[in-house]
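Shared chain: subunit A. Partners: subunit B in the first complex, subunit C in the second.
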Partner chain A sequence: MTVAFVFLAGMTLVSALGVVLSRSVVHSALFMSGSFLGISGYFVMLNAPALAAFQVLIYVGAVTVVILFGIMFTQKPQVRRYRTIINRQFWAGLLVAVGIGAFLAYVLSAEDWGGTEAGNGPREVGAFGRDLLGVSQGAEIFTLLYEVASVLLLVAVVAAIVVSRRKIGGGVDRGVRE
Partner chain B sequence: MQTVLNLLEVEPIRLLISFGAVLFLVLNLAAVLTMAERKVSGYIQLRYGPNRVGPRGLLQPAADVFKLFTKENVSPGRSDLWVFLGAPIAMFIPAALVWLVVPFAPEAVVADLNVAILFFVAITSIGALGVVMAGYGSRSAFSLLGALRGAAQMISYEVPLILSLLGVVMLTGSLSLVDVVQAQGDTIWTWYFLPQLPMFITFYIAGLAEVKRVPFDLPEGESEIVGGYMIEYSGMTWALIQAAEFASMAVISAVTVTLFVGGWQPPLPFLDLGPFNWVWFGLKTALIMFTFQWIRWSVPRLRMDQLMDLGWKILVPVTLIWLFVTAGAMLVF
Partner chain C sequence: MPQIPMQAQQFLDALVSAPPLEGYLVVGAILFAIGTWGALIRRNAVVIFMCVELMINGVNLTLVAFADYLPNAGGLGVSYAVLVIAIAAAEIAVGLAIVLAVFRSRRTVNVDEVTAMRG
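Right, the complex of A and B next:
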């Protein structure tokens, strides 16, 4: 177990560093998929295979691919120099990073983890689904969150249709004035 | 013999042996399927196909593999080398991994996950990443075009692919592939391809598009972009891409059989072969793979807009409607 954890932690951290430090945007996106895969490995170790599958499906299979797609459509992937990466926002970025790090460290040390152990995840997918839909006796906050997420996705779908809709009678815009 | 069978009960040994068996299967599938592809195309076009190496050309795969191993591995001068070489691996590993959850017979499954269907969907979705890597890494206009087409196609057809699985999940009430097969029973008219016929057809078409075979082979499109994202590959890297394509084709067939055509179940109760029921699974999978090859030599390639129209305007509504029909039927009966 420890070996697996060290391997996953190393994979996640090295990939995360790669995202920040690599000189090409495409490489950053690819490193990001490695980092996401590492995180899905943590879910497996926490006995939550459903969450691991969702992590791979949504983050590796969809988010990274769409990001790569966007990069290739919008700009010519090119190698930048390090001076453009470490730019004049260096100090502000450092401040934010240290702040978030300190906050997380405080929260993690303040919480009492004594009664928690690996394997608390929703192993049974059925129970997981019932919790989300509010059919079980669990906390009902999950139902609210689920509904909020659905509304958000619906808005996104409608917005995508509105943005990409062809105007009625307008024909195809080929970018040429007639 | 008995001691060997007893070894299969011990956990790490069982996992290692079954993992090795699956790896052996996947690596050999590619060679055998290349051979089958050429033979089938030969017979469909009224010619012999390969018939020089071995009896009736049956040793052709061995000669092919030997040739590919001895070929030089050329990479373009301006290529992004790590991405270029990583792409075939990123394509092959997902295609091989899905085999871990496919049940060959009642006990013969490497990992009987309770989220096996979710695992299948998740791992298949990584395949697009390999295609994009190949297209970008080669630094060639044709490759990039092929990769963009491939990624667009694979993302679009994932939606009907996932939606068409949901009917089966609703009927079974489980995400485990073993449960799905057991729920279908051992008679041909209780298998899910009859009550779920629209879903079965949708899954078949979406699967065909997901593995980029004719009529959905726009990412390759040899008449316009001369091979697409695999244009710059040669030798073993090219062989690995081919192996990945054939392995994913086989895995889509196997999952189709598992979900809709009864997996290892015999078509009629008296045909039950007991411990040899995996023969049924193999026969059905081979039949589905044969139809894939049959379609390849019979149907012309779609255009990009026809491809998108078919996916979004026909397949997705059909699955949504049949989802409601299934839910209604389950409520009434």
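Right, the complex of A and C next:
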């Protein structure tokens, strides 16, 4: 378990640094999917295999593809030096990020969490599904949250169509004539 | 069967035992911090979205770790993580639509060149 933990930590964090520091935007997107894969491995270790499957399907599959589409539509060829892709707050941003990370890590590890022991997660997919639908004891709020999330997804899809729709005569895409 | 020395046995036990809760929490915190750094320093709006996704994943990892390790959590953190994933998917759809609209009207996605609302 510890071997898997260290391996997944290295994969996740190195890929995350790759997202921030790679010169090519496409490489950033691929590093991002690697980081998401590491997180899904953690979900398997944490007794949530169904959530790991969701993570692979939604993040590694759908979100990465949507972001790659966004890159395809919006990138101009430009000089990929660090001065052009990173703004002037490199060191200030590093300071802020290290501060946030150190603060969170300190607080989370200094806190006494009481009797912690692995293995309380809903390993059975049936129990997980009953939690998610608000059927099981103590999870009644999820009935409401599930419905609200579905309405939110519908609204988001409609909003994405409305916002990104091309108006007639309102600008052209690169290389495409009306 | 050869006798395994005591230290080697302890080392092997440590290798196969479950890591502590704090390990997952620290990895989530570091992932959140890296995402923050990227969102602060990059110019490209699409990369900023990727960094926000990294931050969301750090928080998801923390939620699922708590759901697995705390006995009174009842495993509900996993369900909350599903809701977080759904909301993040909605966010990425609307956000990329906005980026596309900005690119159509201004021919750039660099956030420091879109200065119409600068005071």
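Definition applied: the second predicted complex is superposed on the first by the 130 of 178 C-alpha atoms of A that agree within 3 Å, B and C clash if a C-alpha of one lies under 4 Å from a C-alpha of the other, contacts with A are read in each partner's own complex, and residues count from 1 in each chain.
One rule holds for everything that comes next: a residue touches a chain if its C-beta (ideal position, glycine included) is under 8 Å from a C-beta of that chain, and two chains touch if they have at least 3 such contacts.
Model, not experiment: these values are computed from the prediction.
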Touched partner set for A:54, first subunit B, second subunit C, both or neither: both
Of subunit B and subunit C, the chain that contacts the larger number of subunit A residues: C
Partner chain(s) touched by A:72 [first = subunit B, second = subunit C, both, neither]: first
Touching partner for A:98 - first (subunit B), second (subunit C), both, neither: second
First (subunit B), second (subunit C), both or neither touched by A:62: both
Subunit B versus subunit C as contact partner of A:26, first or second or both or neither: first
Contact residues of subunit A, present in both the subunit B and the subunit C interface: 50, 54, 62, 66, 69, 73
Residues of subunit C that touch subunit A when the two form their complex: 14-38, 40-44, 46-47, 49-51, 53-54, 57, 60-62, 64-65, 67-71, 73-76, 78-79, 81-83, 85-94, 96-101, 103-105, 107-109, 112
Touching residues on subunit A, where the partner in the complex is subunit B: 24, 26-27, 30, 33, 49-50, 53-54, 56-57, 60-62, 64-66, 68-69, 72-73, 77, 123-125
Sites on subunit B touched by subunit A in the complex: 80, 83, 113-115, 118-119, 121-126, 128-129, 132-133, 135-136, 144, 147-148, 151-152, 155, 158, 175
Complex interface listing, subunit A residues touching subunit C: 1-3, 5, 9, 12-13, 16-17, 19-20, 25, 28-29, 32, 35-36, 39, 42-43, 46-48, 50-51, 54-55, 58-59, 62-63, 66-67, 69-71, 73-76, 84-87, 89-90, 92-94, 96-98, 100-101, 104-105, 108-109, 113-122, 127-128, 131-132, 138-139, 142, 145-146, 149, 152-153, 155-157, 159-161, 163-164, 166, 170-171, 173
